[in-house]
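What follows is chain A paired twice: with chain B in the first complex and chain C in the second.
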Partner chain A sequence: MEEKIITKENLIKLSTDLVNEGFNVIAPSEKGYTLLQTDPLLSLSDSQPLPKSPFKGYLFPKTEPLFYYKKGQHDYEFVDVNLQNVKNIFLAAKPCDAASVNILSKVFNWDYKDEFFDIRADNSLVISMACSTSDEYCFCTSVGLSPVSTKGADLFMIPLAGDKYAIRIVTDKGKSFAEKYSKYFSDGNSVESEKVLAGIKAPEQSFDTAKVKDWLDKNFESEFWNGIAATCLACGQCAFSCPVCHCFDIVDEDYSYKEGRRMKNWDACQFGLFTEHASGHNPRDNQAKRYRQRISHKFKYYKDKFDEVLCTGCGRCTRGCPVSIDIKEIVTEINNLN
Partner chain B sequence: MNNLSQIISELLTGGKVTKVIGYVKSGSRSKPFISSKAEDAGKFIMDETCVNNLAVYLTKDEIMKQGKVAVVAKGCDIRAIVALIQENQIKRDDVYIIGVNCQGVKENFDSNVLAAKCTPCKVKTPAVYDVLIEMEKPKSEPSKENKKEEIEKISAMTDAERFEFFEKEFEKCIKCYACRQACPLCYCEQCIADKSVPRWIESSATKRGNMAWNIIRAFHLSGRCIGCNECERVCPQDIPLSLLNKKMSMVAFDEFGYEAGMDMDAPTLTGNYDIKDKEDFIQ
Partner chain C sequence: MENIYKPYLMEIKEIIEETSDTTTFRLAFKDGSIGEKFDFKAGQFAEYSVFGEGECTFCIASSPTRKEFIECSFKKAGKVTTALDRLNVGDTIGFRGPYGNYFPVDEMKGSNVVFISGGIGLAPVRCVIDNVLDLRADFKDITIIYGARSVDDLVYKDKLEDWKKMPDVKTIVTVDPGGETPEWKGEIGFVPAIVEKAAPKAENTYAVVCGPPIMIKYTIPVLLKLGFDEKKIVTTLENRMKCGLGKCGRCNVGNVYVCKDGPVFTYEQMKELPQEY
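Moving on to the complex of A and B:
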């Protein structure tokens, strides 16, 4: 992989340039992934903590209008939403967050090409950074990723001694970017960066997704599911803080009798009413069924449909769970059952 | 701890309760645990990490349908149980309360400070219980945060400033409803936020949808909130929900002399009227 070097000083100059050119430069701050123009940059190092929320909201917002409508006397007038001005640069993203872009893109380009996601993703550049802050909740190595994975990244940064960073060019998009801003980069080689990468401690692998999927394929009715996640409160925290959960609800909202908009909002399969039918019947009417769905979607169904595991091992679901339900623990149990 | 395990073991083997709701260790934290097996008795703990309000499980049909349950409960949790009894959601006989002589719990597991709610707590030794246990002495320091002062500062703002303050905070809301789900007093079978025909509260996480949701939840809790602070603790967006809810309970006390969850036999504030109620606001 071609490697460049950028000094910290030049990185700051580059970021300022990008902000001035109208890019949304999104980087980890104390509040999470926020816009560089509003929140100061946390030190760009491999040891900065995982932002509390992923950056999926910039590609798949928590709420967004699909179109606006006005009621005329006999018909409707529709106004489309204009997304052409969006351009994002994700800077120093964690590898588990960078990987989410590829994974999400699959479902948003399945039977319907979701232009709301695609336009944002196409106009985004992901610069990820090697990570050395794994804690007891992280498990990226169990889902085919690692603290130095370049999946989903266009450019990959490795902090070096002396306030500089190695930047590896991963995709063509990344290459074009490096060429456009070449005045900030100098050539590098991988000697020093390889040493840094070798020194990064990765979480120990807890389970094998192939084994887990194999068990899930055959055990929909297993007693294992009885009483699972009994303490779950059915809030949406796990789904909303997950980099790859993507279920959504579509609702129409009126401003007045005559005008309104159609909204696409985050939804969660753990909500009690998620599968309630118009008839009133609810096929997933208890938490055990809903939790079985969560695990199966992430480790079986998504793999069946898109050949991807719908999980990046970031651990946010567990860290933020009000009752500490531990997905790594449960999936490891399944692994060991097999 | 032997005491707690023994109590739980006896309750389950003797068939006095069908299940026990308590806390077990989970890494550096603890988490709620529900068991009907006596052999699980040794797993239960009670220390400064046991922050969850377990009373929230007492309104869930799945958990209550097999019969009487035992629940490990701190003073704040017991206030919730009492409030639920006041509101006829459960009967005193439905629950065996393993009360805790509480010395404080942590909300933030990355710090060594106890929760702000614990410092002014008046129910460290709860008033209602079937058996009382001690907890492991907290290693963390008491909090120096003063919520009342914070609230007074906000009350002193102009209406416009205050509206802007809360609008900014609620903009962060993602409508995950963790606040509602963790709250023992939010037990409506159909929450007004989920009613879609007609839609009363916008479900979208927009500025106005978020204002609507958070303010209406605060209204529905006015005079009912017992101050366990679970809503604020579980909020993934760090919205200071306690400010609004605590303010409303201060109003309930200042204007009507009422505190929820303190007296099982007291009629609820908003579910009752008294001929002597003030009428001076009716112009």
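Moving on to the complex of A and C:
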């Protein structure tokens, strides 16, 4: 893989240029993935822990208008949403978040193309950084990723000694970016960066997704689910903090009986009303069935349909769970049931 | 940008009050050029919307062989169907579709067909009945068995009368015990019992079955007992949907998306599905 070097000083200059050119430069901070316009790059740290929320919301917002409608003189008129000006650069993104882009792209494109996601994803550049901050909740290595995975990244940063970074070019998009801003880069070789990568501690692998799927294939009905779901409060935190959960609702917001907008909002399979029919019938009428859906969607259905595990092992669902439901523990248990 | 969530506009041309809570709309595209190009197959569904209230999902009830309009029937149940119910002739609604798979009408040619439905389940079946009747010569014996809770709950009453008058169609209409009126001349009994009594012959026959889950549950064993082929018992699944496009993540039954892989399933496929519908 082609490798370049950028000094921290040049990285700051490059980011300033990008901001001036109208890009949203988004980097991890204590608050989450935040815009550099509001958080100066000087705070960019090589040992920034995993942000509380992923950057998914920049590609697939919590709430977004699909179109605006207005009752005109004769009939309803639509006003479209323009996304062409949204240009995001995710800088120093965590590898577990970078991986989400390719995974999400599958569901948004497998048949009908959801351009609300596609335009944002096409206009984005992902520069991920080798992660040295994994903790006891992380399990990227169990889902086929690692702290040094380049999946989903266009460029991959490796912090080197002496306030500089090795930049590996992963995609063509990354290559043209490096060419466009070549004045900030110098040529590098992988000797030093390989040493840094070799020194990064990865979380231990806890389960094998093939074995997990094997159990899920055979155990739709199982007592196992009742035990797990007993404490779940159905708050949906796990889905909203997940880099790859993508369920949504479509609702109208009316301003004045004459105009309004149709919205696409995040939704979660843990909510009781998620699958409830207007008749009152609910195919997933208790939390055990809803938790089974969550785990099965991630480790079986998505794999069946798109050959991807719908999980990047970031562990946010566990970190944020108010009743300490631990996905790594649960999936490891499923692994061991086999 | 290509917006898969943006609906077409349709005008309500006619409203038919089927029962106290079920209504049929006859709809035409506001933009005639879309209407000319619009094509669908029997069994497909759409997202209908009232602006300001939202979208809801139901099948296209008219036959694809009748192009001048689209019909849909809905029961007033939730927020959007209640809003639809308040609309008048000349009002505009949103329409996205057609989505999903369809009934194997081509495959059914050359066979006998038995249509079995209950309540508003006649809506998805009706589009196949009309489709088949418009191509009558391609099919052998046609039997229609339809039931509702009471005489007042029977939908498409005019259609039922038309079908009864057809010499080459056997039509049996029934109401649940207690749902009859003194003037009622049809059958009295639950749909599965009436199917058993009518005992349509199973050889070279397709059964199209739609209705409340409880009706389907008790009708299928009757059909199997009569010797029907599992591959030739065809039904539809209904699950809550939002997008209809295989993305929003709620209509799945196991790894099957009702909106994309369905809504039409054969009993052979359905019995392999987990109990999640």
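Following the convention adopted for this analysis, the second predicted complex is superposed on the first by the 329 of 338 C-alpha atoms of A that agree within 3 Å, B and C clash if a C-alpha of one lies under 4 Å from a C-alpha of the other, contacts with A are read in each partner's own complex, and residues count from 1 in each chain.
As a working rule, a residue touches a chain if its C-beta (ideal position, glycine included) is under 8 Å from a C-beta of that chain, and two chains touch if they have at least 3 such contacts.
The model shown is predicted, which means the values in this text are computed figures rather than measured ones.
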item	value
First (chain B), second (chain C), both or neither touched by A:249	both
Contacts of A:21 with chain B and chain C, given as first, second, both or neither	neither
Touching partner for A:240 - first (chain B), second (chain C), both, neither	first
Which superposed partner A:257 touches (first chain B, second chain C, both, neither)	second
If touched residues of chain A are counted for chain B and for chain C, the larger one	C
First, second, both or neither for A:122, with chain B first and chain C second	neither
Contacts of A:322 with chain B and chain C, given as first, second, both or neither	first
On chain A, the residue positions that both chain B and chain C contact, one per complex	249, 251
Touching residues (chain side chain A, partner chain C) in the complex	66-67, 69, 71, 75-76, 78, 80-84, 107-108, 110-116, 119, 220-221, 246-252, 254, 257, 260, 262, 264, 267, 269, 274-279, 281, 283-284, 289, 293, 296-297, 300-301, 304-305
Residue ranges of chain A touching chain B (in the complex, touch as defined)	52-53, 62-63, 136-137, 230-231, 233-237, 239-241, 249, 251, 253, 263, 265-266, 268, 271, 273, 286-287, 320, 322-326
Chain A contact footprint on chain B (complex, rising order)	26-34, 52, 56-57, 62-63, 174-178, 180-182, 194, 196, 199, 202-206, 209, 230, 233-234, 236-237
Interfacial residue positions of chain C with respect to chain A in the complex	1-6, 9, 30, 49, 51-56, 77-78, 81, 92, 94, 213, 238-240, 242-243, 245-255, 260, 274-277
